[in-house]
Structures are given as C-alpha cells and as structure tokens.
Amino acid sequence: MDSWIYFPQLLSSGITMGAIYALVALGFVTISRASQIINFAQGEFVMLGGVITFFLLNGVNLPYPLAILIAIMIVILIGLMMHVSVIYPLRKAPILILIMATLGTSIFLSSTSGLLFGTLPRTLPSFSGDQSLHVWGVFVLPQGLWVLVSTFILLIFLYLLSHRTLLGKAMEASSTDPLGADLLGISRNLMVFLAFGVSAGVGAFAGILITPIFFTSYSSGTILGLKGFVAAVLGGWGKNSGAILGGFVLGIVESLSLVFIPSGYKDAVAFVILLLILYFRPKGILGSPFIDSRRW
Amino acid sequence: MSLLSIEEITKEYDGIRALDRISLKVEKGSIKGLIGPNGAGKSTLFHLISGVEKPDSGKIYFKGREITSMESHEISALGMGRTFQTLQIWGNMTVVENIMAGMNRRLKGGLFSCGLWLPWIRRSEKEALMEAKEILNSLGLLGKWESMASQLPYGKQKLLELGRALAMKPELLLLDEPASGLTLTEMQQLSEQISQIRQEGVTAFVVEHHMGMVMEIADEIAVLHHGKLIAEGTPEAVRRDPQVIEAYLKGKRANA
Amino acid sequence: MKGSKGILLLSFSILIFITWASPAYVAEKSYKIGVNLEFTGPWAEVTKTMRNAMVLEVERINKIGGIDGHPLELLFEDNGFDLGRAASNMTKFTKDKEITAVVGPFEDNLQATTRAIAEREKITNIIICPSNPMLRSLKQKWAFNIAQSDIIVSQKLVDLSLARKYKKVLVFHGAWPLAQSLAEYYKRFGEEKGMKVIISKETHKPTDIDMTPQLIKLKPIIEKEKVDAFYACTGGPPGPIICKNLRTQGIKIPILGTHAFGFAFIIALGGEAMEGVEFAAGKPVVPDQLDENDPVRPVILDFDKRFRERYGVGIDQIAGHAHDTISLTYDALKRCQGKVTRATFRDALENTKGLKNCHGIYNYNPTDHDGLSKKDMVFIRIEGGKFKRIKFLGFE
Amino acid sequence: MVDSKKNEFKKRDLFYLAPLWLLSLIAPDPYLYHKKEFKKRDLYYLGAICLAPLIWSDSHFHHLMVLAGIYAILALGLSLFMGYAGQISLGHAAFFGIGAYTTAILTTRYAFPTFLAFWASALSAAVIAYFIGRPILKLKGYFLALATLGFGEIFLVILRESTDLTGGVIGIFGIPWFSVMGFVFDTYLKQYYLTWGVLIGLFIFSKNLVRSKVGRTLLAVAASEDAASSVGINVPRIKLEIFVLGAAFAGLAGSLFACIMSTANPEAFSLGFTVFIVMMVILGGLGNLYGPVAGAILLTWLIDILSRYQEYSLPIYGVILILLLIFFPDGIGTRLNVRVIYLIGYWAKKKKRDEGKL
C-alpha cells in the first residue's frame, strides 16, 4: 500500500514522541519507587517547566542556561510543596482520595499557570538551530536528537541514583517493604518527599526539552501526563528501564498507527493499549517489582 | 462414602513441594483435626480445599462431587463454610448484618426484586433477621447485635466469624487456627462452641497449631510434616506415634 | 444517615443564604449588560482582551454622560467552557430584571443552549464570536451576531484564492465546529467559482501539539495532486504549528489562513514559518493601512489609540468585536428614548442602520441578524513578522 | 477597571461557607451503615424538596436545582459503586454521555418520543457498561481507576471522530423537551419536578438495595473479597451488576441532561466532569446515600458562586477541592461530627474541672 511511503518519517517522529513519553513516565516511576502513589499532576510539572522557562527567558530576560536551571529549581520546589501540602496530610487516606487530591492539584496548577503566565501556548528557541536535517529522505529536527540524548542521560542518572546510591535503595525499600524500612529507621515520608522533588525536576526537564518542538500551553500537561503514565504501565510499573521502553513503544505505535487510522483517533490508541495491557499483562512488558498477580 | 475426600494431592511452589501426594478423608458428622509444625503445609491444604488455589495434581471430592477446579464461591455455595487464620470479618457492617450476610446464599432475590422491595423480599429479610438473632444468641453476642463489628473485642470477633460460617448452614466447616490469639477462657468457650456445633451434626475440619485443644475436641487427627502425611488416627494413637514426636521435637529444636 | 440529615439541612440553608446574599451590584438606574464568557479554559486569553475592550468603551461612554444620564454597567460571569454553567449564568442574568442584554458565550456549542434560553426568557443575546451557520440559520428572534459569518469569510477567502489564480487547494481543517463549517463553505463557494478544493480526511484538535503525522500523510497528496495552495483552516495555536511543521517537512507551497490568523501571538509563535501566509480578516488587524476614504477608518484609529494608551498593545479583531458590541448597545439604548425594557432594546437593536464600527458598517433587520457584509474584510499577508494589507484589482 | 471593585473577592463570600460549618457541626456521623430503614425525617426531606422551588421561585434557582438533581442521579449510581462496593470509577462521565447521545440521536434522527428515548438511554448505557465492565472489573485500586479513565478518554475520542453518528465536535442541536403522554416539561419549574421526581424514585430504589441482601453483599465485597466468596458470594458478578446499575442511572441522568440543555456535545463529558461528580460522592460521605444528593447540591451552588470571579474561578475551585479532600476525606458530616463530639467532651470536662476547683 502507498501509505508506506511515509513510514520512515512517521517512525522518526514516533521516536521523538516516544522519548518525551519516556521522560514523563520516568517521573511517575520515580515516585512509585518511593511509595505506591500515582501522581496525576505529573504532566503539570512538564507544562510548568516549559512555561516558567519561557517566562524567565522573555519576562525576566535571563540567559537561556540560567533560565533553565532556575526553572527546574522552581518546579522542584513546587513538587516539594505539593508533597508537603497535599500528599503528606493525606498519607493515610484511601487510594480514591489520593487520586482525587492529585487530580485537584493538577486542575489548580494548570489553571494557576494559565492565570499567571497566560493561556497562550509558548515556544522556546531550540538548543541548536531550527534548520531541520534531511537524512535519507527523513526530516529530523536537531532538537529531536537533543531529546533522545538527554533521555538516555537522564535514564543513566536515575539508574545510578536508584541502584547505586544508598538514597535510592532506601527509597525502594520504603516502597516495597514499608515495615522493614521503618525498622531500619528510614523515614518514609522523607523518601516520598525527596521522590516528589526528583520527579518534579525530571518533569520540568522534559518540559523544557520539548517546548522548542511542540508548543507548551497551560493545558497541554494533562494529556502528556496520562500518556506518560500509560507508557510507565506498558513498560512495567516501577521500572526505570520499563518507563523508557514503554515510552518508545507507545510513541512509535501511536505514530505508526496513523498508517491505518485517521489521525483523529490518535489519542485513543494510547488508552486502547492501556486497557489491553491492563487486561492481559498488568505487570507490563518488563514485569514489575510491585504488582503481583493476586493484588492487581 | 465420606463427606470430603482428598486424593493424591500435590502442590508445588517453584520447585518446593508444599504438599506431596496427600490423601485424606473427612467422615460425615466427625471432627477431624489437622496438625503439624510450621511450614508443614496445613494452610496450603486449606487453600486448595476452599478453592483459593488450585492443586498441580490430584483430586478433591466434596459430597461426592469433584470440586478440584471450582471457584471458591461455588465451593462454599455447595455448603462448605470456613474461618480464616487472619481474622476476616466485615468491619463496615453491624454484628447482625455480618451474620445475615453469611446467610446470603440461602436468601433469594436479585437486584431488581430487592430494589423494588417486593413482598417476598420483605418477608425473607424479616426471617433472616430473626434467625441471625438466634445464632447470635447461641454465640452469646446478642447483647451487641446492633454495634459495628469492628468495635467488638478480638475474641468476640473470632466468635462472630464462626457464627458467620455457621449462618450459611454448612455441612462441612473448615476452621483455620480458630484458637490463635485467644485467651484461655476464650479458647474454652470456643471449644465448647465447636463441640456444640458437632451435636448439631456439622462436620468440622480443624487446622490447629495448638495441640491441646485439638486433642480434646477432635475424634481423628492427621499430622502433616514437610508436606507429607506422617500419621493419621485417634488422638491417643497420634500422641504416641514416634514420628510425630520426632517431628515436633525437631520443630522445637529448630525453633529454639 | 442521621448525619446526612444534617448535610441536607445545611445544603438547603446554604441555598437560602446564597439566594439572599446574591451578587450585590451597586449602581442606581444604570443600564446593565451581562457578559457570559469563557474566562477560564482554552479561550481565556481571547476573552480577557474582550473584557478589556468592553471596559474601555464603557468607561468612555460613562465619561460622556452615559445614555442620557444613565451609566452603562457590565456584569461578568465565567462559564468555564462548560455547558451547564453557561446555561445557569444565562438564567442568573435573566433573573436580574435590570439586565437588558447578555453578551453570549464564545464557544458555539455553548451558544446553542444560551440562544435557546434567550428565546424562552425573552432577553437579547448578543453573540460575539463567529458562530457556525447551523446556529445562525435558526433565525432566532432574540439572538444577534456581531462577527462575520462563516459564509462571508469563506467567500472572501475564495476571492483571495481566485485573485492568486489558485486552481487546486488542499484544506486541512480542525475538528471543531467553526473550522469544520469554514472548510465546507470554502469548498462549496470555491467549486462554484470553478476551483478544485480537496478537504483532507485528516483533521486536528485545538490541543494537538504536533501536526507532523497528519502532514506526513498529506504530503503525498500535495505532491501527487500538484496542489497550488494549502488552506490551514484552523484557529489559535494550531495555525502556527501547522505552518512550522509544514516547513519542517520541506513543503514550500503557499499557505492560506483563516481570519483567526490575524493575531499578534500567531506570528510570535510561528516566527519564520509564518512568512508569506495570506488570509482575509477584519479591518482591525491593520488599523494603519486602511484607505483614506474608508468610513470606519476614524473609528478604528481612535479606538486603537485609546487601547494602546490603556493596555500598551494594539487592537485586534476580538477587541474590535467587543468595541462593536458596546457601541451597538449604546446606539440601541439611545434610540430607546428613555423607556428601556428588554423588548424595546431588542427592537431598537434590530433597527440598527449604517452604524460605523471597527469591523465595518452594521445593518440589522428582522430577517438578518448578521450585521456585516463581505466588503468589511480585507486581504492580509504576513511579511517581515508584520501584517501587511494586500490589494488586487477587481477584488475588494 | 470600572468594576474591578466588584470582581474582587468579597469578605462576605467567605461567609457563604459559614453556614456549612455551623450546620455541619450538628451533623452526626453519616457512617451508620446499619440505620438503613426509612425514617420519619425522610418525609421532611420530601416536603423540603417539593416546597423549595415554590419558596424561591426564580428561574435561576430552578435551573440550578435541575442541574443539581441531574448530577445527583449520576452521583447516586456512582456512590453505589464506589461508596458501597468500594470500587473506583473515573469513567462515569462516559455513561452520562452515552445516555445523552442516545436520547439526542433517537429523538432528532428517528423522532422517538422522549419518554422511550429516556429508557433506551438507560438500556444502552447499561449494555455498554456490561461489556466494558466484564474485563475491567477484575482490576483493583489505581489500575481500575486508570482503566475506567482510559475508557472515558476513548469514548470522548469516538464522540469527536464518528461525525456522521454523533455530529462530531459540533454535537447535536434541537433536542425536544422531555414529554410524557403529551405533557411537555417546558419550564424550569416543571423540569425541576421531573428531575427530582426521577431522583427520588431512584433514591428509594437504591435505598431498598442498600438495606436488603444486595446492600450487605456490596459491603462484604468492599470489606474483604476472600471472606465474601467464602460465604458463597459471587464477587465478580455482584461487582458487574452494580457497575451496570450505576451506568444505567448515569444513562437516565444523561437523557434528562440532553432534553433540558436541548443539545449534546463532547466537551460536556470530559475528565473534569468526572472529577466534579466523584467529588460530590466523596463530599457527601462514601457509603451513605444522602451524601451524593447533598454533595451535588453543594458543588453545583459552589461552582455557580465561583463564576463571578472570572479567570480566578478555576484556581479557587481547585484549591477548594483540595482543602475539602484534606479536611473532609470521608464526607463533611463525619469529620465535623468527630470534632463536635470532642468539643462537647471538652466542655463537659471543663465544667467538671470548674466544679472541682470550686
């Protein structure tokens, strides 16, 4: 069929999209490694990253790198504040309440950013030129490569953080075996607190990376967050590598599905995948440390 | 023929044989005890009987019907009540409602007949309440019939769980460590209850860690050790069985 | 359940509370206009501009003494892009007997409901944004449209394409009411004029952040069919996104836009990619480039000046619509000769004749509630990051 | 700006919440599962519901209460599923939408009488819920929430894309008023009585469920599924049944919504709406049938008050949601009740202390 003409192009854009989902998914995983909380406001961190950087760049006229740094700092702060003000008071609450609380937070964050920074979509200058490279009949934005590279750097960083450092081990312990963690004198709340900080940072970083390619507006966080979550589940809940794999699989499948279906249904693809994976293999492609067949 | 008969049952957990070709029979109207040191596979056997898990090989017959591959709710609907090692009462209901919920399978009425509150529903609800109160009375819990189940003391909750199992008028009653965590007096009360049940012609199959109690209530005792059935017979016989003593001493030594 | 008694009790008492403590808008004998807009949600920015413009105008009118002594007053309510809330705001306004008219919601889907309520409750509903023809064709007695109808816009754009001698145009439209109907009308009028208009199966949503996949699928069509121009039939952010992605794909054909391209932020977002995009829009897009003899020129220039002084930015079409709304209301109220009721106001508004406004000259009559005509739009091309008016012989 | 003064947050608006506090101070625990019989006070509620629109007889009040009633029907079904069976659903708005669209399509395309379309909506919602529920309901906790949420999103996409069936994003206009045997509900007052009539009917139905065998089964499933199946309760089946029932309620609500708004369009059934509905259930207190109704009324009015703050309305809404969740995670009644018991105890002790001193 002639629709295969644009297969390579779709593939390349799928890979870029996948990298972004992977970045968002990493944020989810980071939190889930410290506690069994799913933060529906994760997407908002991504959005805030982009929007705040834009504000610092154009409103305060900071140099680009400095703006990025400060923006990430601010978002990390927001993440920590979110834990202190919303998650910590509800640490003993049932799942439903937590879900609603994070959803409420996401409403609050997105609408507030709309209020403060305006609801117009924002864009940032790409790190290295807007001129798209033409490789084997495929157009690739340099920014796309940036996204790919930093995704893997971030993965390595998180891997080291969670497997090579005491902190990471402590986090995982506090999630998988709370009682044991308590016995070892690990403060679970502290771990969750830190996890929120890290995941917010990761989210903000992702947001800054993607804003030059796609516009970031106050409302673009939610859908990104949901798809990132789908990616995390798809790859294997609670695994960094799983998040990356899931992200790319999702991005590529979503993009390639356009060969067969009209683009309007693109958003449904992710959730169909979610339902299938939840039904047939809840523990995801790579398997999950948390989900045993009986509970889920 | 016997009420419950287990034939050649084997269950493995990743290589380790939890149960190795166990065959047991529980005669109607008797009380059978199942004892054994920790990790002997008692709870596993119960899980298999009550359908929570499925055996790798072997068959289980209940009232002459094979129940090996049935869902646990189907099995219990056949008339097999059980209590749990870790207490499983419904804290979000009152004491009497716990009992009435136990009668569930005997009450008729679906979503719509209940929603429309048809006459026969009203009638059966009334009867259920009466019966539930009688059961509570026999358990000595009638005083607290309207308080939330979660507010009862532990011992009473154990009794309540037993009552719930009785409420479904089971022919076979699986009791998983009924005495665990009870004070002596409570244990006394419990064993009285069980022997009283036996008068009513209910068959009981008791897993118990606590030897003394089983010895006094059970007519027949089976001893599991490392997934093997090492002895079966009357309490006296079992008590004198060298293998059993051996096993228990080992257990003791291991523990010490 | 005993508790829930308390809950029900308190909720009812809250009803009492709210009903007597309902909004206290203090002002004697002022003519009130209710404004029911999406201050939150996707249209927030637009509606903010609208409010600024309205406030500016109302202040001016009140400074010159209002309508023979009565000041004009605006009451704002946010409908949060939600059907239920839009409707309940409408009823809230109708409840307040002093409110003579409601400036309706921005989104078409919400208008459907508010228009119906307006008909039933007998209150004028001024629709501020271009609502889709399905609604306009309802010919409701109490609803008036400020903006150009899709029909006019599409006809004007067809003129542009003809002037540019485009034979074949590919339409890539958004999946929301306005864009959809714009595409359909463009196709209809275009083919009446002997053009070939291809409406693509692919669509996009206002929230789409990346159009690359759709455009990749369109690329072969563009190359195979030898399309002369690409009509990005959309509004808001998707516009620049489409242009950017098109250029990224190395597609160089000329791009046509909708009148929704006539906003500063579009250029800001699109940057380089927007160069050479052409579209037809209302006159407020290019206040400084109107003909000397254009009747509405003074109005626009004056309004633009005051707007700049007050808010630091120039006017755009939305601000223009807002201005027109107020001045229409003002005009109608004046012609009520003091006895202002909802009915008299409606009749006065319906008899508006030759009123010069930012967007052109308004004429209402019982059969036609769309004020404007094709003459009230201009062709615009984006050059050097600016809107530049372009003219063609025979099309004006 | 001219009316900046008016747009600012007024102190008095804080007092809108004051009666809520005061009255909920006397609100006892809604968690009394076992007091499930009808009481005399239910008659008072009935009276209040019948009289309310006559006391405040303005179209705005009627309209809001109509909306509240519709949301209450929706929340009622949801509270059976969430409050009693202890499951989570974030896709309930979809069933609402299915109901609305069924009515819209049947009445506008095939000229069905609205009364038939009303029941058809419930049916279609129930059928779809059955096929969705079968696979999904074996999940628990977060994943169940996620799956239902995913279903909701898929439904939205289908609504937007299948243009020839649902009219795409434009939606469907011109749905006729609800009418039974030629009696047309064309004013808000009539619609009020219609909506609340339906609500009361469904409420009695649910209450009968709750106080009968089914109610106990649900609570049992919520508390411990193992124990439930140990007394012969077919857990998956009862879950599915109650899910379908909730969907049917939602379908009815959707049908009414379509008739009263005279239009159906996708935006109305998004995730935000689900949050809105679930909040009603939580706010009133899970495991309590009066909760959803109260919650629906409260939130509907809250939103209506907030609209005055224009672009601030959404952030304020978000904050209020979070605060309500933090301070009343199990319904307004419960927490405040605990608080007031403590207070009373404190006063009593104080008296004693004072006497002791004297």
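For clarity, chains are labelled A, B, C and D in written order, and residue numbers in each chain start from 1.
The definition used in the following text is that a residue touches a chain if its C-beta (ideal position, glycine included) is under 8 Å from a C-beta of that chain, and two chains touch if they have at least 3 such contacts.
Computed from a predicted structure; not experimentally measured.
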Leaving out chain D, the still-touching groups: A, C | B
Per Cα centroids, the chain farthest from chain D: B
Distance from the mean Cα position of chain D to that of chain A, given in whole angstrom: 32
Length of the line joining the C-alpha centres of chain B and chain D, rounded to whole Å: 41
For chain B paired with chain C, centre-to-centre distance based on mean C-alpha positions, whole Å: 73
Distance between chain centroids, defined by C-alpha means - chain C, chain D (Å): 35
Overlap residues in chain B, where contacts from two or more other chains coincide: none
Shared interface positions of chain C, touching two or more other chains: 40-41, 44, 175, 205
Set of chain A residues in contact with two or more other chains: 111, 114, 262, 264, 267
Chain-chain contacts as defined at top: A-C, A-D, B-D, C-D
Chain D-facing residues of chain A, complex: 36, 38, 85-86, 89-90, 93-97, 99-101, 103-105, 107-109, 111-112, 114-115, 222, 226, 229-230, 233, 262, 264-265, 267-268, 271-272, 274-275, 278-279, 282, 295-296
Chain D - residues contacting chain B, complex: 33-34, 205-206, 208-209, 212-214, 216-217, 219-220, 222-224, 226-235, 241, 245, 287
For the chain A and chain C complex, residues of the former touching the latter: 2-3, 5-6, 9-10, 13, 17, 111, 114, 118-121, 123, 130, 132, 134, 139, 141, 213-217, 219-220, 223, 255, 258, 262-264, 266-267
Footprint of chain D on chain B - complex, ascending: 50, 52, 71-74, 76-77, 81-82, 84, 88-94, 96-97, 100-102, 104-105, 107, 109-111, 114-117, 121, 125, 128, 146, 148, 164-165, 167-168
Chain D-facing residues of chain C, complex: 1-15, 17-19, 21, 23, 25, 39-41, 44, 48, 51, 55, 58-59, 62, 73-85, 87-89, 91-92, 94-95, 107-109, 112-113, 116, 121, 132, 134-135, 175-177, 180-181, 205
